[in-house]
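Take a look at the structure set out below.
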Amino acid sequence: MAARREPSRPSAEPESAATAVRLDGVKVSFVIRGAAVFDAVAPTSFEVREGEFVSIVGPTGCGKSTLLNVTAGLLKPSAGHVEIFGERLAGLNRKSGYLFQQDALMPWKTALDNVAIALEVHGTPRKEALEAARGWMGRVGLARFCERYAHELSGGQRKRVGLAQVLIRRPRILLMDEPFGPLDAQTRQIMGNLLLGLWAEDRKAVMFVTHDLEEAIALSDRVVIMSAGPDARVIGDHPIDLARPRDAAEIRLDPKFHALHKRIWDQLREEVAKTYEEGAR
Amino acid sequence: MAARREPSRPSAEPESAATAVRLDGVKVSFVIRGAAVFDAVAPTSFEVREGEFVSIVGPTGCGKSTLLNVTAGLLKPSAGHVEIFGERLAGLNRKSGYLFQQDALMPWKTALDNVAIALEVHGTPRKEALEAARGWMGRVGLARFCERYAHELSGGQRKRVGLAQVLIRRPRILLMDEPFGPLDAQTRQIMGNLLLGLWAEDRKAVMFVTHDLEEAIALSDRVVIMSAGPDARVIGDHPIDLARPRDAAEIRLDPKFHALHKRIWDQLREEVAKTYEEGAR
Amino acid sequence: QGLEKPSITLGGGEKPLLYYLPLTLAERLGHFKEQGLTVEVQDFGGGAKSLQALVGGSVDAVTGAYEHTIRMQAKGQDVRAVIDLGRYPGVVLAVRKDKADAIKSVADLKGAKIGVTAPGSSTFILAQYLMTKAGLDPKSASFIGVGGGASAVAAMQKGEIDAISHLEPVITKLESLDAIKVLVDTRTTKGTMDTFGASNPAAVLYLKKEFIDANPKTVQALVNAFAKTLKWLQSATPEQVADAVPEPYWLGDKALYLKALAASRDTYSPDGTIDPASMKSMLDLLTATDPQLDAGSIDLAKTFDGSFLKNASVK
Amino acid sequence: MRAASLKLLALQVLVAVVAIGIWHVGSSVPIAGKYFLPEFFFSTPLDVFQRVVKLFVSGEIWRHLWITLTETLLAFVIGSAGGVAIGFWFARQPLIAAVFDPYVKMVNALPRVVLAPIFMLWLGLGIWSKVALGVTLVFFVVFFNVYQGVKEVSPVVLSNARMMGMTERQLFRHVYWPSALSWMFSSLHTSVGFALVGAVVGEYLGSAAGLGYLIHEAEGVFDVTGVFAGMFILSAFVLVIDWLVTLVERRLLVWRPQAAVGQT
Amino acid sequence: MRAASLKLLALQVLVAVVAIGIWHVGSSVPIAGKYFLPEFFFSTPLDVFQRVVKLFVSGEIWRHLWITLTETLLAFVIGSAGGVAIGFWFARQPLIAAVFDPYVKMVNALPRVVLAPIFMLWLGLGIWSKVALGVTLVFFVVFFNVYQGVKEVSPVVLSNARMMGMTERQLFRHVYWPSALSWMFSSLHTSVGFALVGAVVGEYLGSAAGLGYLIHEAEGVFDVTGVFAGMFILSAFVLVIDWLVTLVERRLLVWRPQAAVGQT
């Protein structure tokens, strides 16, 4: 996390903050068992600036997780490249934390250990790490479930442990793939506020995938809409100019919120209908 | 599926239809690694009548999946018992189809085979089963993804394959655990309508777990609310007297819908707040 | 009296076999101790393995086949016998009882299945030699390794083999089961003389030349001990011998053991020397069966070192 | 729990009784004029039992047992440590694995009996040549399983750990190792037996003490009773080691869901 | 792909060259007056190579090779079929598994060398006694792995299949079998080698033909070159079988995500 020095690109962009993530013509094609090629994502470029909270929405299967995987450095794009804080990404993106769409807890560690390990890995002494982890388990509402193994937790509980695991490290870039999917509406809001509070503290760059458009609008600075795949593209990029700080629940009552929601929703609906038709063909 | 004969209980109840599922004082306690006992669900009784669509909502970790597992016969209740069409359940509940909260596709079969096998198991010749499976893959919007293996599908696509796998069998009882979780709003509605259409044809009994209260109301005859765990109970049972047939999208514009939503939501909110506090303690 | 190496490791095949009787007796009768020697006996799966151990340096001396000294000379290893323990091979060629009518002599073995302890072993070579002598091509019979002990008995009982070329105690066991008829018996003087025209040394004590040169006193002590044992053996009754060996060696049946002892009585060398005629007979045996062995290159005088025997305290 | 384990014990004893019964009848009652298990080859249960008792009472067995035990444990520990280490290393270095793959398989196919003289040459006559023989058996069983076990790590869990910033060492400790554990234990159950087999075969081919020596000595003089007594002691003894392995396994795998199979 | 596999081949050849180089130097150049690999025990690479060529040219080897091949394949097929069958059966019948568990482990600990006479008694001196010896090695490796593999089936996938209404047979075919496959193949790679070892040891202890017989014969007359030539042919030959196993494995496990490990 040393300060980046790269003469060719000024570290402060015109828009006040440096670019945290830049996808440059990233295209992803999957080779299906050595035969057919499936072009999941068409060449796509976009940026997330430092301190920016960007949501990505799009119909199911359009390539949202794929884009996060590329940004995380887990998947090599077939064309184009990724820059992280101006540096070209080769290998893993070590500056980011990634909350996966699937369960990714280590089944052989208790919930608490799963959270604590994220700190231990970076040299925090075990005792301290456990202390911090216990705090985080409380914050995600699971203080009583510290000693459970993954298979002894409900779906929503597992997701929240994953959330604590990612947040405890305070990475500079947050990649979150449907983090609140298996949570009830109220818990979602509580978690949303938790995330917002944290984000406000040190202004991470966030890429947030969700299916809940209201959630996307309530939390983000920008909502990016992707078209249906294959060959998915970014087809909309809506800045959300709602005032900060926000409360994830109350902001929904704002009339501006509704206008934004309607505008984005109309665009989205069209896209989804398209996927469905394509798929059924 | 032979007609049940049991003299002590008349096969037609006063309320017009027979009971498909009856939980009688079902209590579930988990023994955590041979030591502490965790009482997940307090003694709970409720019924689902034949042809009834019941949604279950409740805060995360309250025991919804646990109740479905008990109904499916995958988990033995610590006390109480389950009756399926009046017969006491011992072992697996073979009259029901269960869409699990987690991914449950067989990774060694293609999506199409995963769907077809559900019919093959019951003696349908392979060719016919594949034919039918192809139809269902189309219905869930995945006609082009028939030959994919599970790890080559997106989260939402896997869920839809699972949906097709359960529905193709046309079981008399449907247990669905957050079936539309990882889907975008529009796809959810399309799938909801698919489910409703199917349900209208032969009036299965449905137990539907969801976190989306609007979805629950839009689809169900009854919405059951569970309290926060541990010792979760059913704390609300709201009949939804909206006209049928419904369209999962349009019904949300109905003023009656809003009144119902508000009433149930208020009860739910209280509960969720409770879970969160309990957990954090 | 100042041995260079008072404690030595000695390799043997399967000690309970009568082939190794002098070794067992020397140990049990305390003849090593009398000479101030501490001898640890290592038991190997077969003679070849003990020789390998000798060459590899893990044992100092071996009681094994005299033929090894000849073979080793061909391989450039200087290994020398210092005392002869068994002067006759002790191998018996026999046929299954129900084949006795068809196979009356070695010459009838054509096409037969002959059981031997192992391919390449002394039983194998002797059977081939006998066939060659009878004018048969050894390839005209098939040789089957049947191992020692119970599996050899099983092979004969089950009729898997027509003839057997084997050692004690298998032969006595088979005789007691009335399963075989003996064709050639090299346990006896007569049988051996008929076959080779001379004695044909079997078990000897051999060591590496370097070891002999470096530890003459130790070697002398060893030879003394064995010479005393051989002498004892000449006068001992079978009962005395049986009492001297550990009970487990009795084949679970003392009578059987006594019978086997009596049958092999002649094989033990009375004096421990090897005369040039016997050396020659062994070389003939080897060259007849192993075309790769070049008889011209072998100096038989270097296979046996009789000097220790001459100085032996017991004569 | 109590009643269940009593029932289990009863059934186990029953199996033993039936097996010994068959053995007894086979070796002492002729069927159609022939013994199904002739005493000459199989001894009788009673004789074997008496011999075992005698061996223990006379105290003769202890020295042999001790040597064999040492060899077995050493072979087991060294072989599995090696298998685990190389298995992990290969799994993490696909190029090295690919290059050495054929050679590993070739070596695995060498008959250990033939290798014995070479081990004696290098390692002498003491316990180490026997240990080496055991190691060559244990190593491969463990190696192949660990290698596969590492490759079976859940890709999502692995990605998550890597994103957490784990170094290769940390990945090993927190991901590969626990994930491969059930593979490893599966192979350990096989290899406990093989360690013993290796040690005994080594003794059988050349030694002055140990169970293999006892058995070999007995075999040469048609003492089947001795052979069977030796084999019996041998296998009783492997149960003890296996039981220890199982204890460790239970301890290390507490996190697994219980009764995934056959649960109703 | 092309270039990568050429590079791999080059590296493999390099390893072989280095190994043979060490062998050559060790057996012909004395280091500090001692040969590291004395010719008496190790022969020399050139001699061995010439002998192998001679064996093939004279055609003498074919008969032996054929017999050993038959035995190996039979042992491999029977042993793994048995291991798979019993492994599945035990995994599905926890009571039976618990009852027989100690006995299985005891039998696994019996030294095969000692069992050889019994197999010869029962099965004669033909190929079957050798097959039996190979089977006793192969069986246990496969058995323990399949047993564990079945227990490792994902509980959710299993529940889903059961809810679908699968019978025990169908569960076997559609769930347990494919899920245990990677466990099974891991054990098959080990057991190919063991099948051959079993066959060769069997031949070594009593037979009229086969590679083990050849090796034993060579050993009896201290023909190390012959021994090494035999071992070389043996292991070359296991590579061929293993390659066949790998082909089947690839075919059956197409569904696995590629490169879960080491993917960047």
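In this document, chain identifiers A, B, C, D and E correspond to the written order of the chains, with residue numbering beginning at 1 in each.
Assume a contact is a pair of C-beta atoms (placed from the backbone, for glycine too) under 8 Å apart; a residue touches a chain by one contact, two chains touch by 3 or more.
As the structure is a prediction and not an experimental result, all values here were calculated from the model.
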Note = By label, the chains that touch chain A as well as chain E are B, D
Query = Just how much do you need to spin chain D so its Cα atoms sit on those of chain E, in degrees to the nearest 5?
reply = 180
Key: Remotest chain, chain A as reference, centres from CA atoms   = C
Query = Comparing centres built from CA atoms, which chain ends up most distant from chain B?
reply = C
Message = I'd like the Å distance between the centres of chain D and chain E, where a centre is the mean of that chain's Cα atoms.
response = 17
Query = So, what's the distance in Å between the C-alpha centres of chain D and chain A?
reply = 50
Inquiry  = Report the inter-centroid distance (CA atoms only) between chain C and chain E in whole Å.
reply    = 37
Remark   = Multi-chain touching residues of chain C, meaning two or more other chains, are 52, 56, 149-150, 154
Key: Per-residue overlap in chain B, given as positions that touch at least 2 other chains   = 74, 92, 102-103, 151
Query = Which chain E residues touch at least two other chains?
reply = 38, 41, 117, 121, 155, 204, 219, 257
Message = Considering only the defined contacts, which chain B positions touch chain A in the complex?
response = 30, 32, 57-61, 65, 101-103, 138-139, 141-145, 147-148, 152-157, 160, 178, 181-188, 190, 211-213, 268-269, 272-273, 275-276, 278-281
Remark   = The residues of chain E that touch chain D in their complex are 8, 11-12, 15-16, 19, 38, 41-42, 91-92, 94-95, 98-100, 102-103, 105-114, 117-118, 121, 140-141, 144-145, 147-153, 155, 158, 182-183, 185-187, 189-190, 192-194, 196-197, 200-201, 204, 212, 215, 219, 227, 231, 234-239, 242, 257, 260-262
Query = Mind pulling up the chain D residues that touch chain A in the complex?
reply = 156-157, 159-167, 170, 174-175, 178-179, 181, 255-257
Key: Residues of chain D defined as touching chain C within the complex   = 40-41, 116-117, 120-121, 124-125, 204-208, 213, 216-226
Query = Hey, which residues of chain B end up touching chain E in the complex?
reply = 72, 74, 92-94, 96-98, 100, 102-110, 117-118, 121-122, 149, 151, 165, 169
